[in-house]
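Notes follow once the structure below has been shown.
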Amino acid sequence: MTGKAVKLEVADQIAHVILNRPDAFNSLNPDFWAEFPAVFEEIEARDDVRVVVLSSTGKHFCAGLDLNSFKSINAPSDQDEGRKREAFRRHLLDLHERLGVIERCRYPVLAAIQGACVGGGLDMTVCADMRYCTRDAFFVVQEVNIGMAPDLGTLQRLPRLVPPGIARELAFTGRRMYGEEAREVGYVNRVFETQAEMLDAVMEIARGIAAKSPLAVHGCKELMNYARDHSVADSLNYVAVWTAATLVGGKDLREGVGAFREKRDVVYENLEPIQPGRRPHDD
Amino acid sequence: MTGKAVKLEVADQIAHVILNRPDAFNSLNPDFWAEFPAVFEEIEARDDVRVVVLSSTGKHFCAGLDLNSFKSINAPSDQDEGRKREAFRRHLLDLHERLGVIERCRYPVLAAIQGACVGGGLDMTVCADMRYCTRDAFFVVQEVNIGMAPDLGTLQRLPRLVPPGIARELAFTGRRMYGEEAREVGYVNRVFETQAEMLDAVMEIARGIAAKSPLAVHGCKELMNYARDHSVADSLNYVAVWTAATLVGGKDLREGVGAFREKRDVVYENLEPIQPGRRPHDD
Amino acid sequence: MTGKAVKLEVADQIAHVILNRPDAFNSLNPDFWAEFPAVFEEIEARDDVRVVVLSSTGKHFCAGLDLNSFKSINAPSDQDEGRKREAFRRHLLDLHERLGVIERCRYPVLAAIQGACVGGGLDMTVCADMRYCTRDAFFVVQEVNIGMAPDLGTLQRLPRLVPPGIARELAFTGRRMYGEEAREVGYVNRVFETQAEMLDAVMEIARGIAAKSPLAVHGCKELMNYARDHSVADSLNYVAVWTAATLVGGKDLREGVGAFREKRDVVYENLEPIQPGRRPHDD
Amino acid sequence: MTGKAVKLEVADQIAHVILNRPDAFNSLNPDFWAEFPAVFEEIEARDDVRVVVLSSTGKHFCAGLDLNSFKSINAPSDQDEGRKREAFRRHLLDLHERLGVIERCRYPVLAAIQGACVGGGLDMTVCADMRYCTRDAFFVVQEVNIGMAPDLGTLQRLPRLVPPGIARELAFTGRRMYGEEAREVGYVNRVFETQAEMLDAVMEIARGIAAKSPLAVHGCKELMNYARDHSVADSLNYVAVWTAATLVGGKDLREGVGAFREKRDVVYENLEPIQPGRRPHDD
Amino acid sequence: MTGKAVKLEVADQIAHVILNRPDAFNSLNPDFWAEFPAVFEEIEARDDVRVVVLSSTGKHFCAGLDLNSFKSINAPSDQDEGRKREAFRRHLLDLHERLGVIERCRYPVLAAIQGACVGGGLDMTVCADMRYCTRDAFFVVQEVNIGMAPDLGTLQRLPRLVPPGIARELAFTGRRMYGEEAREVGYVNRVFETQAEMLDAVMEIARGIAAKSPLAVHGCKELMNYARDHSVADSLNYVAVWTAATLVGGKDLREGVGAFREKRDVVYENLEPIQPGRRPHDD
Amino acid sequence: MTGKAVKLEVADQIAHVILNRPDAFNSLNPDFWAEFPAVFEEIEARDDVRVVVLSSTGKHFCAGLDLNSFKSINAPSDQDEGRKREAFRRHLLDLHERLGVIERCRYPVLAAIQGACVGGGLDMTVCADMRYCTRDAFFVVQEVNIGMAPDLGTLQRLPRLVPPGIARELAFTGRRMYGEEAREVGYVNRVFETQAEMLDAVMEIARGIAAKSPLAVHGCKELMNYARDHSVADSLNYVAVWTAATLVGGKDLREGVGAFREKRDVVYENLEPIQPGRRPHDD
């Protein structure tokens, strides 16, 4: 599946999502907003995926929103001011949904970042489960450099990923944070010299994840997503009922322990694909 | 728009959503689950709606889920137990979304209920903004009568609508609550002798709402939805920024105050229709 | 203390706060907004108050915001649209603070309501601890009748005081709710034939409260305020440490139990007055 | 099992918990605090219980805490003031746990109340799932009458059961609320002329509940407990995973639907007893 | 504006708040508590400030509370124990408000720290947006060294700024954390050799922030403050309505994008000053 | 007190809890689950403890759950699927309680970790207040290596202790994190070459803590536990009432300040022991 802005390659149970407008520095244009959620819908509908790698082409990972995006915000119109803003709020919530597929995806999403990752590009990578980058990668809260506060997730997620004092400095100054600093503050897990080296390593990590029980891995992601936004007490109660539902009587633990003991390869079933548009109770 | 299970009639800026399988007591079958959210998407996409009335045909408002729905839950299969439950959880979340259109709809939804409103029918009406019923209407938490706990919203919403001790009695005993009791405990706002009388009165209330600023009415609904799930302090902060966005500089307050002072009819614009599938930044 | 809009009378340890612009139906004008919080500051600074009664003069309790208040919202200006709204949000938060003195006051506030209690008047009485009214009192969510959603607290507090379906009907339709209905749905505690009768009865209730330990009564209010916005578990933890601080080793319980056993009058100390503007550590 | 303060009778899958110190008006003394949680532990450990009825003997349901309980709060001691309060806080949390068995019990608890239900008695009945009372029953927030704020749950739970304005009036004034008013405000579900009549009716309701699937009933209780303290969105997510765990593949729905269709008696298994002190993984 | 304890200097749109009792190691005395919030009120009332730098004079940033502050806590008095504690709780809430001006200030606050930053000094810097320090700066949770738990914010904010295990070690042991460790654990953003060097660099950062849109910067701060205490879902909803209010139709984005494209200097308007004491609706 | 799995040694007011099944790599077997909470109950019941050190014997800190633990999860049985899972959920909640004694203990718990700390061992150390380890220690989210998601606390607590991207990588890949990396990401506070060196240093830290006011230290722990799960505003309110209860009028601050000024040794009283099973109001 190759769109105008996003390409999907699947191999070895790894879905590789590739931003594919290198000439435009992979800026987020209407094509991107349409294709990106569609690619994740495709991933969830397949029965051969267990992990997702998100990477990009060309010199820069993502230059942020296409500047044309901002035209309509200030376009003169005779639309009522209140209705205009009611519509704009929904527009932003819609964009949140479209980026949020990363977080809602049942499979871990590993972002591999080179060059510029700015503005909307940062809004995208804060959604990923793990981030890896090249040494020359740099991250910028670009919005403040053009007169606005980020509105697509960076301010909401970044201060939980790096020390809040760093997140605020980045947001207020619009300065660059390069790869090595990104690793030191915990934004990325590892730094690589080249994009090729990075992709090799990230694919290796992804293959490792693909070899685990996809149900266990999905559980880990769901439960950590949940724990981020709930108290520890609430989260412990949730894991108890989640585990009662997904572990008891299932095949994975038996297979996992068996393989562990017998030191043999382990074989897990895939998750049930999600068929979009399928009506409930069809079978 | 007339589907197999749900019919939509629009007049006087009132969208009338009608359950239309009277012979099956309007039980919730796959047609319903497909058509119901589609009808609300249609409502939001139109530019001639400001309020929604939800009613039903035949002797009973809704008999709940079609019993065939339950077959698959216990169907023997060789699917892994864990994966089966992971899928079933998502299935329920999907049904929640499908009923949740009532709550997320920008316009108030007034439910007019006759006869039986049981099981899934109750799950539906707990989502409505206001409820009205006939004297012979009766409400039943039917699930407990067939060996299960309600899983589509009744347990989550009912105890905020009626005294919790009543909600619990209904849930544990599966007994009938008739119209007059429903009014006394606050579940319905008014009780009528006949369905015709009820529809007349509900349409009259709906016309009154349709004459108000749809932006103000949408604000009321959004802000009360928000307040239900947040602290008062949070909710006050939210109304401040909401009002800053939607009221300042807009036409409605000027028009409203003007008409009020001049004792003339008031004219408000409709909300901007929501065009499904439209990509962001298209204009 | 008698201001242009609000009058304070103190007797028998009851602070009587009286809206005092009957000719303007006690609409909320700049004088009100300045004097109302000042009156409550005075109440907290006195050492002879244990309970507050809030009443009004003339035919109507309160006609809501002075319509002049709305002028500036739509006044043309060359102020930047964003800054205008940033300022308006703070303006609303400021008004919330000014009405919120009712809720934050350490002493119970009993509202005694006659005639119209509409718009801002409703925003005010939803803050009170208890409400009493005359039979001909009526409550209106007036804002929706002039093209706006209430922005001063009604939408945030009313749905916790009356069945949500009623709160929504009132908000969407702008209809009147008269005294008897207000009592049935739980908004007011009792209904009286005349204002004089009401004031007699409310003063009687207030005298009863003034005879209790003001520390215990303050605790009840603080703990119920807290419980409204927190889980039961959180609230139980809070009452434990609150009681450890305020009950253990204090005089009130000993005095209370002693008087109870000896069937004699009980004597409690007042709370420590709050001296506004006093710097910490002054003694 | 008959203790000095609490008696347990089990028949027809109904556990009848009886306060049994009528001469002391069933005031809560050390025996009560020890036996009450023990009785509920016994109930959970049995395999013949599906519902609990909580009643009392003599003229009054419960006169609240034994006045001797309060002695130590003010007893002079040379214990450090801070440590004294640290210990007292834990003491209250411990009492919360002991009353909280009502709420945590997997089975519904129906309280049947005659005569006085004051102070600690009210703290107890606010924990019950449903409340029923005689016409001459009366409820008093007694604490404020002896110089203290309730510290065992009334302030935390009552304002969610009755209109907050009523809850506050009761807390501030310490006045009596009789049976009929209690029903009107939603505190009790029904009022009866005599205790005998009440017990007959409550037992009849209990028998109805005992005939339902205990797993479904437990689910209803757990899910409504959860919903009380969480947002609707959180609660819907919780019911989805709860249902995936407890309904799918189980026997109850099949049995329930089968019996419903065949119009025959329904047979459900009991819940697994909870064996106190049993170490995990023992089998 | 120069007080006895705090000095304010404004230049280049930077408000420089200076602790100015070097001989007393800038300990927090009554003068400080009075002047500090007044300085921030002044900052918000000016129209020439966009960012705040908080620094100190002499060898040490701040030695914490003046030890005289603690006298009254243990002073013998015949005040009722309960009332004494009710008053003390309010006293602490008042101090929280006075330090909280840092967090509530619409402009970023950059703390520049030399020498000792202990006790109340730490309570102050945990409120800042970003922290910078000299190599010989050291941070101490001093309270535990004099027999008390910190009560002014350190325990509430520090564990979100540094790894919780470090925060706890500091709190339990009262040990020193020097500049370099503070940077490694994320408490400060950068470490400098001398105070002069630090102030130069911090002023440079401040100038950069002052050149941004103050509305965008205020938005970043408000939205990150909000996100710290809410779920990601809540925070995303909030940013949507916030942006609808402050960005749409405003001048800053147009100016920002324009200057960005034309590579010219950017000119933003200041925020509207906050006039303290001004009554609402005055114009 | 020496059990089959856990040993307790008390000296110098330090309770040393030692995992003591080195031959089984201290895996968590039924003996552990029984003895571990009992040891903490003993600690709270003693009057000679102010801090806890948790260490282990042999080459590895803890190998996680005994693999026999998993047998019953998949054991064929004719128990109803729903009831089986209801019981399993409670089983997990029970294990949470048993590990949670670390967090609920009034005294800080310092974990000293050598060798493997995997699976259940990690679930245990995430509960500790501070962690220290040897260079060759390694941490593994072992569960994913045997086909399951961790269900005893790691997913709930780890992402708050280390950067979330690291927590997720560990959870999804099951890879080892060695001592030095653990320190860099903030999981442990310090790394040591040998276990002996580590124990010496940890005991030294513990002695320092034991010399502080145990009431102040308990306050720090309670307040940081609370702050982890509540907003800053809530947490500030809590510290105010907590301090009002535990500091005012107590001896510790006077003693602490006095010793500080007089540069003499400080003497604090112990906390009041918690007597398990003691009935309230016994004295």
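As written, the chain order gives the labels A, B, C, D, E and F, with residue 1 at the start of each chain.
Just so it is clear, contacts are C-beta pairs under 8 Å (C-beta built on N, C-alpha and C of every residue); 3 or more make two chains touch, one makes a residue touch a chain.
Please read all numbers here as calculations on a predicted model, not as lab measurements.
Under the touch definition stated at the top, subunit A and subunit B share these contacting partners: D, E.
Between subunit A and subunit F, two chains of identical sequence, the interface residue sets overlap only in part, with shared numbers making up under half of the total.
For the pair subunit B and subunit F, the distance between mean C-alpha positions equals 48 Å.
Our note on geometry: subunit C versus subunit E, Cα centroid distance of 33 Å, whole angstroms. The multi-chain contact residues of subunit E, meaning those touching 2 or more other chains, are 81, 84-86, 89-90, 160, 162, 228, 230, 233, 241-242, 244-250, 252.
Chain pairs that touch one another are A-B, A-D, A-E, A-F, B-C, B-D, B-E, C-D, C-E, C-F, D-F, E-F.
Residues of subunit C touching subunit D in their complex: 51, 108, 129-131, 160-162, 186-189, 205, 208-209, 212-213, 216-217, 219-221, 223-224, 227-228, 231-233, 235-237, 239-250, 252-257, 260-261, 266, 268.
Only residues 67, 70, 73-74, 81, 84-86, 88-90, 92-93, 96, 141, 143-151, 153, 155-157, 159-160, 162-169, 171-175, 185, 228-230 of subunit A touch subunit E when the two sit together in their complex. Listing the residues of subunit F that touch subunit C in their complex gives 230, 234, 238, 241-242, 244-245. Within the complex, the subunit D residues that touch subunit F are 29-30, 33-34, 66, 68-69, 72, 79-87, 89-91, 94-95, 98, 215, 218, 245-252, 269, 271-272, 274, 279-283.
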